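So, here come the structures, one by one.
Two complexes come next, and they have one chain in common, chain A, joined by chain B in the first and chain C in the second.
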Partner chain A sequence: MAEVKIVGLTKYFGDTCAVNHLDLVVKDGDLVVLLGPSGCGKTTTMRCVAGLERPTYGDIYIGERRVNDLEPRERDVALVFQSYALYPHFTAFDNIAYPLRLRKTPKEEINRRVTDVAELLGITHTLERQPGLCSGGEQQRIALGRAIVREPVVFLMDEPLSNIDALLRVYMRAEIKRLQHELGTTMIYVTHDQVEAMTMADMIAVMNQGTLQQLGTPGDIYDVPANNFVARFVGSTPMNFIPGRLRQKDSQTVHESDQFVIPVGEEMAVRASEMCPDGKCTLGIRPEDIRFTMSDEGRNQAQVFLLEPLGSETILDIEKEGLLLKAKDVATTQIRPGNTLSLSFDRFHLFDDATGQAIR
Partner chain B sequence: MRATGGRDVMTNEQAIDSSTSEQINQEVVLAAQKRRLNLKKALVVVVLYMAAFWTLVPMYWVALTSVKSLRDLAHIPPRLFPTDPRIDAWVTIFERRILENIVNSLVVAGFATIFCLLVAVPAAYAATRMRLPLRFVGIVVALMGLVALLPPIASAIPLYLLGSDLGIIDEKYTLIILYTVLNTAFAVWVLRGTFMDVPVDVEEAALMDGDTRFGAVRRILLPLIFPSLFSIAILLFIFNWNEYIIALYFVNSMSTMTLPIAIQAQIPQHELDWGVVSAAGTIAVVPVLVAAFTLQRFLVRGLTFGVAG
Partner chain C sequence: MSVPQDISPMSGADAHRAHVQPPAREGIWAEIFRYRDNRVALALIVPSLLALILVQLYPILYTGWLILTNEKGVFIGLANLTRLTSDTIFRGALIFSLKMAIVVVPVSLLLGLGLALLIRSEYAGRKAIWISILIIPLMVSEIVAGTMWKIMYHPTLGLVNVPLTLLGLEPIIWLMKANTAFIALCIVEVWRISPLAFLLLYAGLNQVPRDIYEAAAVDGATRWRAFWDMTIPYIRPMFSIATILLFVWSTRTIGTIAATTAGGPGRATWNLSWYIYGMSFQRLKPHYASAAVIVMLLMTYIAGAIFVKYLWVERKQR
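Then we have the complex of A and B:
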């Protein structure tokens, strides 16, 4: 059990900067998800913590120890690889027992601990088999078992669920989270799947192009995104963006775009005038925050051109003068393609076009 | 077909109709494919038999010659089976202490193979796993390829001059050193491909599990590539066993000669005892055949390791 502290981590591969001055504290017992698109530096960050890469600049602490110069085996962290990286020539039992054997654990204890872990993960029946003869889900669990069995101070997970089928993934997601809570071990979990991040994390660190964009609880990340990248990346139906500028109209501030005129609250207008004096900003709104009525009245009208029924709800694809929006409605919606809707926008975010930062 | 036709009774019959005709069509197509396949297979078999014939007949002929009597040898048309088999040649060859040359060959080929692998395995590992500047690795590997492609005769004379300056001509260990050096480039090339096929993840997993780098190589990497390693060792051994040009320059007394040179030494200036030369030649082929037959499973797996991925 330990806290992981990353201070000013910078990693170059040749001239390419993979991680740029990253500061991150993972509290003891927390599950922190590093989330970002491929190539954003999340895996590199994790490999630096693991000791498989040396930071170019910056320090990494596990507990009280600065671990920059320690070999992976001296750090007492366990890593589950995306490919599982099981030893193909060992049986599942030997795979799980390997870290214990290297630590010269007595034989009876190895037997006991491997059996316990196998039981915990429900893979007792695979123990005598080689990994090649096990299913993807079983391999995944063997890899987890190998990480758990030695009771490390930190777990590192490198997209462990991306190679198994969708149904099993949903199940394993919960399984890993349950395990982490039961063991109480600090975990850093790398993924590009925002659903995985939202469902599992205590804290999410969103990364892009080697820099940390936002660190927060899943709720914060979703409801109060720090910038337009985070807003765009998180949410299974992506946020709608409406480019435009702020204007004074009838003694009220409005966000005016080619398509819509949307009134902006007083407080936000004040902040916007401070942060973004030229007024050029993009309005972002989540699909579920777009309200609509079936009427031809009102300023902000648009036409539905497609329905995407998802079973539990329906996504409405709305178009106005080249701008596409997605809104959500109940599954039994009466709206049909071709209907004209009157839209209203209440909860939304404004992002400064110059910096991409959220105005709040 | 029937399932989709089920919605409409009218089209049901049509559906069945078309499905049966489709079935027949399919059978025709399948039969044609099968015939084509058989033809292809037959062709492959014929070619393989021809290749086997091409390779095996000379070997048979050499073995046959070693037990033929003089009369059979001189007979025209040549006889495919000996009418009066003799073992004179075999007696002679062992009287001439060919056994010593066999041992020489075994020692030289064996040690050269072992030393070569001892150098090549770490070199290939470094070339694939260490994060060295790409250009540097590229140049070194290209140079090594160049060395491997160089005909041995090109280096034989300069090496001989060097060897005679150092006074190490006509020694077995000189051959061991030379074979080691000359084969290392080839071995690194092949091993490099093999190492690249083993995902780095597996080794890194071992590091994370608490192993040292050396331990990870010994416990994880080498067992994984053992079949390839083994077939490369066999190949190297056969190269060394058969090597002629270098040995021709570097050994000249009967007690240090390797088998290929010893065979040549059986050919005197004026008369040629075909039986003796053939007997020696037969002996030279035996280990190669044994290696090929007992290890063919390994050899195929090892040589295709890179292809299969």
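Then we have the complex of A and C:
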């Protein structure tokens, strides 16, 4: 068990910069999720920690040790690959036992530990089979078993759930989190699925184009996004963005767009005038934060043009003059397409158009 | 942790009634003629099947008839075969063929594996160029290869002796002594057939998924260990195929011998093929030579069976 410290990590592939000056500390026993779209450098970062890629610049520490010059096998990390990378010519038992065999563990202990792990993961029935004869979910758990059997100091997970079906993914997500908590081992988990990140992480590191966008708890990432990228990327029904500018109107600051005029709180207005003097900024609001009433009165009116029932709730697609907003309502909503709603915006974020940074 | 997987769109009772019994078994011919694509396939296969029968089955049967008769066409039973057992020239040729296979096959396999690993490594650069250079010997005919090497082995003009004379040593007259002629022929054969081993093993290596090497590295394996645990089990079937083919190639070679030593000095470099050729076309005893053909066929077959048994280990459970 150890802390992982990444200092100024930069990785070039030829002329392409995959990771750009990344600083990240993963505390001992934490589960940190590297979240970002494909090609954002999250997997490269993890492969640098595993020792499968050499950093171009920067240092990686595991515990007190600087591991830049260590071979993967000397780092005592376990990696679960997106493709699982199981040894197809070994049985599941041998797959799980292989790291132990390499460490010259006594045979009885190997048997005991592999059996224990298999029981923990519910794959005892597959042990005599080769991975090719196991289902995707079983393969995934064999790969997981191979990682946990040797009790490494750090777990690295490279999108381990992206190849299994949606239903099983929901189970495994909780399972991995529970395992990590039980074992208390530091884990770096790479995913592009923000739901996975939100549900599993102690801390989320959102990355884009090789740079760290924000590091924070899932709550922080969701409620206090650092910039418009984080705001856009996190949230299963994405945040609504309304481009416009800040104006003074009747001694009050408002965010004025082509469609809406939205009053801005005094504190935020002061901050905005400091950070974004030209006033050009985009307002971002989560679907659940849009309040609405069925009425023809009020300043901000818009028409519902589509309902997306999800069973547990309904997404309202609202349109006004070319701007599309999504709002959430209960499943048993009385609203029908064509209804006019009066909208009010209370909790929202402002993002400086020039830098994309959140104003707060 | 269990996830319900069997969710049938039909309600329970109906689901069981949908297909009560498996369909009745049909004969293989009924199966073939039932579908149009099968009928087309059959029509396409039949001509080449007939050609195969003509060019393969007929000569085999004819050879069988040759063995059982003498030059006058009189049936003599197995006399041709029994005569072989006391034929010292035949025995010498058989031993020479085996000796050569024992040297050439392992050396070619190792060389081929080494080259395959080298070309597959990340340091190889333009792989296509290397591969096309390396398989040139495969495309050269045996006679051409033999002639080229004969010139190379020339006592005064040959390239092979150049380093020796430069070092002040006596040039070796390679093809004129039994021992050196054997070595020289082995070198020619290795040159000629190791590209086949390379090609097969390279193809085998390319089937090894790369990510398992990374997994092995993280799991704690050294490169050497990963080679034994990952690479070798993977290329093992290909290895046994390569062994069989190389064995067949090296025992049946005739062109290289014809072009270099012509069986000499004396009968020192007679192998089975050369013996069969000499017996049938120089001494004009095709009936007797056919018996040697059968022995050669059996030898190859038995060797192949042994290789398959001990090398082709199916991915088994431990």
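Heads up, the rule we're going with is that the second predicted complex is superposed on the first by the 360 of 360 C-alpha atoms of A that agree within 3 Å, B and C clash if a C-alpha of one lies under 4 Å from a C-alpha of the other, contacts with A are read in each partner's own complex, and residues count from 1 in each chain.
Here is the rule we go by: a contact is a pair of C-beta atoms (placed from the backbone, for glycine too) under 8 Å apart; a residue touches a chain by one contact, two chains touch by 3 or more.
Values in this document were obtained by computation on a predicted structure and should not be read as measured data.
Look at chain A after the overlay: chain B and chain C clash there.
Contacts of A:Ala50 after superposition: both chain B and chain C are touched. Look at A:Gln130: by the touch rule set out above, it reaches chain C but stays clear of chain B. Which of chain B and chain C touches more residues of chain A is settled by the count: it is C.
Shared-chain residue A:Pro72: touches chain B and chain C both. When both complexes are overlaid on chain A, the residue A:Thr91 reaches chain C alone and has no touch with chain B.
In the superposition on chain A, A:Gln301 makes contact with neither chain B nor chain C. Contacts of A:Thr333 after superposition: neither chain B nor chain C is touched.
Under the contact criterion defined above, the residues of chain A that touch both chain B in one complex and chain C in the other are 50-52, 71-73, 77-79, 81, 83, 85-89, 98-99, 102-103, 146, 150. Partner chain A is touched in their complex by these residues of chain C: 1-3, 209, 211-212, 214-222, 225, 229-230, 233-234, 315, 317-318. Partner chain A is touched in their complex by these residues of chain B: 199, 201-202, 204-212, 215, 220, 223-224. Residues 50-52, 71-73, 77-79, 81-83, 85-89, 98-99, 102-103, 146, 150 of chain A touch chain B in their complex.
The touching residues of chain A, counted against chain C in their complex, run 50-52, 71-73, 77-79, 81, 83, 85-89, 91, 94, 98-99, 102-103, 122, 128, 130, 137, 146, 150, 167-168, 171, 175.
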